[in-house]
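Got a structure here, written out as structure tokens. Questions coming.
By written order: A, B, C, D, E and F. Residues from 1 in each chain.
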Amino acid sequence: MDDLVTFGETMLRFSPPADERIETADEYTVRAAGAESNVAVTAQRLGLDATWTSKLPDSPVARRVAGELRSHGVTVDVVWSDGGRQGTFYLETGDRPRGNTVIYDRTDAAVTTATPAELPVARIENAAGFHTTGITPALSDTLSETTAALLAAAQEAGTTTSFDCNYRSKLWSPAEARDTLAGLLDDVDVFTVAERDARKVFDMSGESTEIATELAETFGLEVAVLTRGTDPALAVSGDAVYEQPTFESTDAHPVGTGDSFVGGFLSQYLDGHDVPDALEYAAATAAFKRTVPGDIAVVSPEEVETVIDGGAAGISR
Amino acid sequence: MDDLVTFGETMLRFSPPADERIETADEYTVRAAGAESNVAVTAQRLGLDATWTSKLPDSPVARRVAGELRSHGVTVDVVWSDGGRQGTFYLETGDRPRGNTVIYDRTDAAVTTATPAELPVARIENAAGFHTTGITPALSDTLSETTAALLAAAQEAGTTTSFDCNYRSKLWSPAEARDTLAGLLDDVDVFTVAERDARKVFDMSGESTEIATELAETFGLEVAVLTRGTDPALAVSGDAVYEQPTFESTDAHPVGTGDSFVGGFLSQYLDGHDVPDALEYAAATAAFKRTVPGDIAVVSPEEVETVIDGGAAGISR
Amino acid sequence: MDDLVTFGETMLRFSPPADERIETADEYTVRAAGAESNVAVTAQRLGLDATWTSKLPDSPVARRVAGELRSHGVTVDVVWSDGGRQGTFYLETGDRPRGNTVIYDRTDAAVTTATPAELPVARIENAAGFHTTGITPALSDTLSETTAALLAAAQEAGTTTSFDCNYRSKLWSPAEARDTLAGLLDDVDVFTVAERDARKVFDMSGESTEIATELAETFGLEVAVLTRGTDPALAVSGDAVYEQPTFESTDAHPVGTGDSFVGGFLSQYLDGHDVPDALEYAAATAAFKRTVPGDIAVVSPEEVETVIDGGAAGISR
Amino acid sequence: MDDLVTFGETMLRFSPPADERIETADEYTVRAAGAESNVAVTAQRLGLDATWTSKLPDSPVARRVAGELRSHGVTVDVVWSDGGRQGTFYLETGDRPRGNTVIYDRTDAAVTTATPAELPVARIENAAGFHTTGITPALSDTLSETTAALLAAAQEAGTTTSFDCNYRSKLWSPAEARDTLAGLLDDVDVFTVAERDARKVFDMSGESTEIATELAETFGLEVAVLTRGTDPALAVSGDAVYEQPTFESTDAHPVGTGDSFVGGFLSQYLDGHDVPDALEYAAATAAFKRTVPGDIAVVSPEEVETVIDGGAAGISR
Amino acid sequence: MDDLVTFGETMLRFSPPADERIETADEYTVRAAGAESNVAVTAQRLGLDATWTSKLPDSPVARRVAGELRSHGVTVDVVWSDGGRQGTFYLETGDRPRGNTVIYDRTDAAVTTATPAELPVARIENAAGFHTTGITPALSDTLSETTAALLAAAQEAGTTTSFDCNYRSKLWSPAEARDTLAGLLDDVDVFTVAERDARKVFDMSGESTEIATELAETFGLEVAVLTRGTDPALAVSGDAVYEQPTFESTDAHPVGTGDSFVGGFLSQYLDGHDVPDALEYAAATAAFKRTVPGDIAVVSPEEVETVIDGGAAGISR
Amino acid sequence: MDDLVTFGETMLRFSPPADERIETADEYTVRAAGAESNVAVTAQRLGLDATWTSKLPDSPVARRVAGELRSHGVTVDVVWSDGGRQGTFYLETGDRPRGNTVIYDRTDAAVTTATPAELPVARIENAAGFHTTGITPALSDTLSETTAALLAAAQEAGTTTSFDCNYRSKLWSPAEARDTLAGLLDDVDVFTVAERDARKVFDMSGESTEIATELAETFGLEVAVLTRGTDPALAVSGDAVYEQPTFESTDAHPVGTGDSFVGGFLSQYLDGHDVPDALEYAAATAAFKRTVPGDIAVVSPEEVETVIDGGAAGISR
């Protein structure tokens, strides 16, 4: 039995060397990158048995994605498809004032046609937790329906369901997102959302605590988690409100920070720890992630605990 | 006025390092690659004023393609499109018995919607030569019509039209190719085709000379050129038959050999040289190309002439 | 239940860039390399469910080894040890007359203290096949005893046992090898050995067939397989003698050829195919491996079958 | 007709990898670098039709320079010379307290013999703008005369002339520079100079505004632009004085900041914008440049405008 | 006659690319790294004739170490051994909160068996200075005895002896270090120690000056040098106390800072300069080192003097 | 006392990656390369104490050259000059029919002004052997005189003088070479020349043996060595004629083959071995060199002996 199953698209990410530009580089580094597989990897590395499910074209390009995820110990249980593309994106990182550039090339990805009939639904029903994000239903109508069906099946089976809002303005408008997500969140237990997305997508205002509380109540959530950049994260669970400050960290590799936060949270929450412990672990994992290139938190439990204990000091030798 | 305008898709090519596999590599080298732009680059480097026209999405990824072509001196006169993808492909080269692997990812490329109305038709009509290949009409119905229209306009304007069969089994069947090409070749002056494709696509048999002659007669060609791997190339022009042996060369970098052959041919033919001279130049350019990584023949007229004169001997210092 | 469990040491391999020397290089490529894990990877990639077991120090260096093996789908079921080193070696490849240089640095590897009590013996007993090689008992007295115990347990449980002689002159003398192997081979079903090693270690002479037959009879083997460089491989099974010519291939990346041969053989033999089919698959896998850098055969069943069918011709596009 | 023609030397720049030293590196990255071609590239990328003219030796090394400039869309209209070197320099960048090291190797560059008779003077006379810098006349007596002749011809023809002081202490003394520049500036319309160079070369003192005003009056300038490091840039034009604060940016890649400032300025000023707009564009382009390795501002108009609007915030996806 | 002989282990250091992790990297950069050879290189580069002595296995891997040291001009006078390993370590650097990871793999290094009988003792006796560190006696009992014998021989011969505490918690406990070092320091003239190590190893407390004074008195030191991170270094010599502030510098490459400090100090002190001058040179060398990747201070006297004079300003060109 | 002193220019060599072109590469590998330092390195590695003398500009670029030579154990005893360039060249290697391209950029190198007054003439007079080549006098009139003076001094002092013709058509004509060399060879003991150069420069004809004999007699040589590509080398010494077949080898890295031949020869001849032994060693060293990138034979005596004994067979492990 899995501790966690995640579902979503994993793309191949192309990046020019440090500081270089997409337009002039002659080499791109290649990495697997997807919100839901990032969460699976983080959770697996931090102690859970995690499985990632999706739909991939049967090609070496997609096998590269599966291989990289497997190297972290994650079980890859995907549909291998004859049609459909391997989604890709180009990511360029630049210092201020340039910022980061993301160019998606994910149209017609194989995953956009994935249906519950071909996915390992029983695996999800037997797992302790199931996780997906707001990116998945935004990718196609089929995926919107599939996401709803998987969440419903998981909920019905007693699997703890986790959902990260992950609003992407290049995929849909706030209004479209609100409509779809509203229909999904009734089947969600743990909902994580960046405060700025909560305000934009759900058209909310007021104090952070009010927002988290309203989300929890509206959708009957077990836990509502609000991330707030470098401000403390906030969770509302039942009557309790918890705050967790962020740990000081570099901003060298911010992509994937949110996913490692969720992976860190679930690694504890699904293992029976309470919300404050899970939040602390989440924040420490996210801080550590930012030191690691790529989307994936290459991290161990000992390293997360060192962050919690105050971080590495000098060189241990 | 241009000496040569070429029209077609240029993709971004991703390749793992030498001998490595797509499935396990962490870095891909990135290069511009397209049959028609390869011809433009070769012709430009060998003395013509060449322009490449196409349709590209307005993104850094596509600007990378344009920039690489420009670096060889080619004029890039393209439609910058809001929609459509930058086509890509993955190329892995392997020694025997592995061979080369090509995985196209060119669906929905911006160029597939290019119409004569947006392309620089006047530029083609004013050029000495116009070149495209059998890949272009295979990419979409729109492109099939556009190709026909451009060839017709060029022919009407007195521009010498050149066409390379370039049959791609991953794009269409021989029968589909035959149907489409038959409708185009009436507007073609110089037709280049690999003998094995001539047999497959046009369902021809018999001696090489018979095939070339039949092609020339059927389609009213000025010149019919048959390439035959390491066997001598063959041209039929009017009553004359010419044979041009290949020059000895490595097979280290075969991709683009055919395009550099055509580029070498046109660089001479459009400059007023006769068919045998153009054929010799074509064969020497093709031999030289095979020493150069990537799709593009980074070559100079002096280097082609050195090949014709017997190749470099030892180290000149 | 596993189709195959393999047991042995996997080292980290350091190699300078192509043609460069260990003594002057500033960068080494790093890869996992071990005879038994190579076999597990090959078998897994060709369709079996394969597990590799061993003992590794609990460090990022050893986790790198485990991660690379997992990326190919192999299950890694190892003892994580507080003491002992991660074995390494330096490999430099050179053209003629330089040849390849191997410098082992594997003393005190964690695996040298592995005992049956800590290894997953039940997993081996429940598997369809178990494989190890002559390297393992050569590494320490403890490993010599452990190897004997595992083979005996597997044999007792009805697991098909496979053993590759893999004589290493840097680890022991022919006489030492003979003494130890003689005690192990009674529990072996499938024995693979290079003919030159059979002659040296077992002090045998005569025709190839005589050698294979004598090995089969002396040790009561189900199958005795003799590899003979570029000459055909030979197998004796019961009264039958089978010959399998090698497939033409590059000699660019010879390290790991033997392991991929065994992996290819077992992928078929343990799946119920007869000896001639398994031999043919073995030879094709080995030929393909030689095109791939590193110790590991990054290969698919389709690619093996293409080799059997005559190899890739030109570029498929 | 060109919007801008620039004239000067472009060198090949050799740099060790990040933080490494010239003395110990085994690889140098190679880039085209020249003050005047940097300006041409920036202006071209920001919307002008720009041409760079110079004199290069007819060799692959110099063709590499031309190709890189062409890749940005610049027209390269140079004299290809049988004699003379391709100038090079070694650039090493180091964090504090190391700083950057520049070692010129530009003696006897082909450009040092360039005369108006062989350069495209008509092109300059027909262009909207002409730009060169104080480096050019410092390179040889011939170039000093040629620079004077080109400026005079441009001025005579009504071409707006732009000149960047670019004082180089490794090429000449302040007194030598003063003597030569004084003779040139009468034919200059837009003069850009770092304040510290203005003080050193022209032996000026007083407030920044006084310096700019004095320069404008002494040489009859249309615009005198003073750059002042991270302090606001200053322009005097007629009676007006304009100040333009710098935009916050990294100092990761400072080489070429001044050239991109001028390129940004000219892209607007020659397009009819007024001085304050051109200054703002200049400052934003310079800030953006500092995020890009190499001498060249790989930038688009949209990116400059984003800097003006406050810079990129987070990751747009 | 040498100005300085140093004795100790030099390892091969493996590092993943910037920010990458040991566990996931496919390439490691390779460098020679050892406290005593670092000092020899720094001293040689800053003007002394320096020799490094040790014991190395006779293999290309160890010859790589010797070659890199020789490239800086150091004389390598080592015992080439048939047995024993080339010690290695893995170093990964990470931004906050990750920090740096060091994994030693130095067990059974050839140097651990080095005895005075095989080492060039006469060379040490004839040198102006001899230097080793607290790492060396921690590596083996044999090395502990050898270190004592070499220091005694040097002291007896009138060679100035220098010793850097270099406490390594992965090699021994504070108590073990104290016992051994107490027996060595009577033969030491110049003792350098980080204040935090002085407190830990020698169980000292009180003000910095008290500690340095007590060390000087207890062990009869000529000079006791206390380094204190970014706080000023402190030296006690006879009755005098000297303070030397650190020079501002990056913390990009901290490994080897202490060794370059000692190398800078000895380059002056052994050349007859007084303690304050030597301290200033030491601090400037250490600051410069932190800009250079690897363990070794690739630096020249001019560069040290530039740091003393306030550091490089902008780009000199 | 040195066993061998060599004198000549060492350049920095820039090469694009394998198969790539100078014109399009973005990175060049950097190596020290000079005929006379190549010989010094080879001789040092094969057992002699070798010193290389020359004149270098005092810059990091030239220190890089010195450092690389020192890393092989060679003593670098050069004049550090305030003026003059560090000579460089660009080397591109290509498969057939492209061949190799060499572009010298060595004008005004510091060494071209080297005079006996500043060079270590006493070192040469005290050495067992002195070696230079025909490149050196071709570089400048000063060097022509200096070469003559050094050879005369060495001869006078009883040092064995060695000279490699090394005719370079890019430096001078055969007639110029003949005039200069004729004046030098009277002071030469061991003269090595490629047969094709002997014919071209000295306008000789006839059988190989006749040529060698005539050279020996004309110039009073101790040994005249004729290399003949893949044909056996030939030596005439007194009345004896010796032939030494080449050892089979790759032609992957031919640059430096001749220098390693001479280095191998001198390593034996100056050590007292007779001509046939020295020739055999020379041929084996040359064959080995061709497997190593760069100009320098990174080789050990054991490796040369393995080549003599038939080359490496398979992988020793």
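Definition applied: a residue touches a chain if its C-beta (ideal position, glycine included) is under 8 Å from a C-beta of that chain, and two chains touch if they have at least 3 such contacts.
Worth saying up front: this structure is predicted, and the values here are computed from it rather than measured.
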{"item": "Chain whose average C-alpha position is farthest from subunit A's own", "value": "F"}
{"item": "Same vs different contact residues, subunit A with subunit C, by half of numbers used", "value": "same"}
{"item": "Listed chain pair D-F, B-D or B-C that repeats interface E-F [over half of contact pairs the same by residue number]", "value": "B-D"}
{"item": "Inter-centroid spacing, subunit F versus subunit C (mean Cα positions, whole Å)", "value": "46"}
{"item": "Where subunit D touches two or more other chains, by residue", "value": "18, 21, 23-24, 26, 67, 71, 101"}
{"item": "Touching pairs among all chains present in the structure", "value": "A-B, A-C, A-D, A-E, B-C, B-D, B-F, C-E, C-F, D-E, D-F, E-F"}
{"item": "Subunit D residues within the subunit E interface of the complex", "value": "18-21, 23-24, 94-102, 104, 168-170, 254-255"}
{"item": "Subunit E - residues contacting subunit D, complex", "value": "18, 71, 247-250, 252-253, 287-288, 290-293, 298, 303, 306-307, 311-317"}
{"item": "Footprint of subunit A on subunit C - complex, ascending", "value": "67-68, 70-73"}
{"item": "Subunit A residues within the subunit B interface of the complex", "value": "14, 21-31, 59-61, 63-64, 67, 85-86, 88, 90, 92, 101, 103, 105, 107-108"}
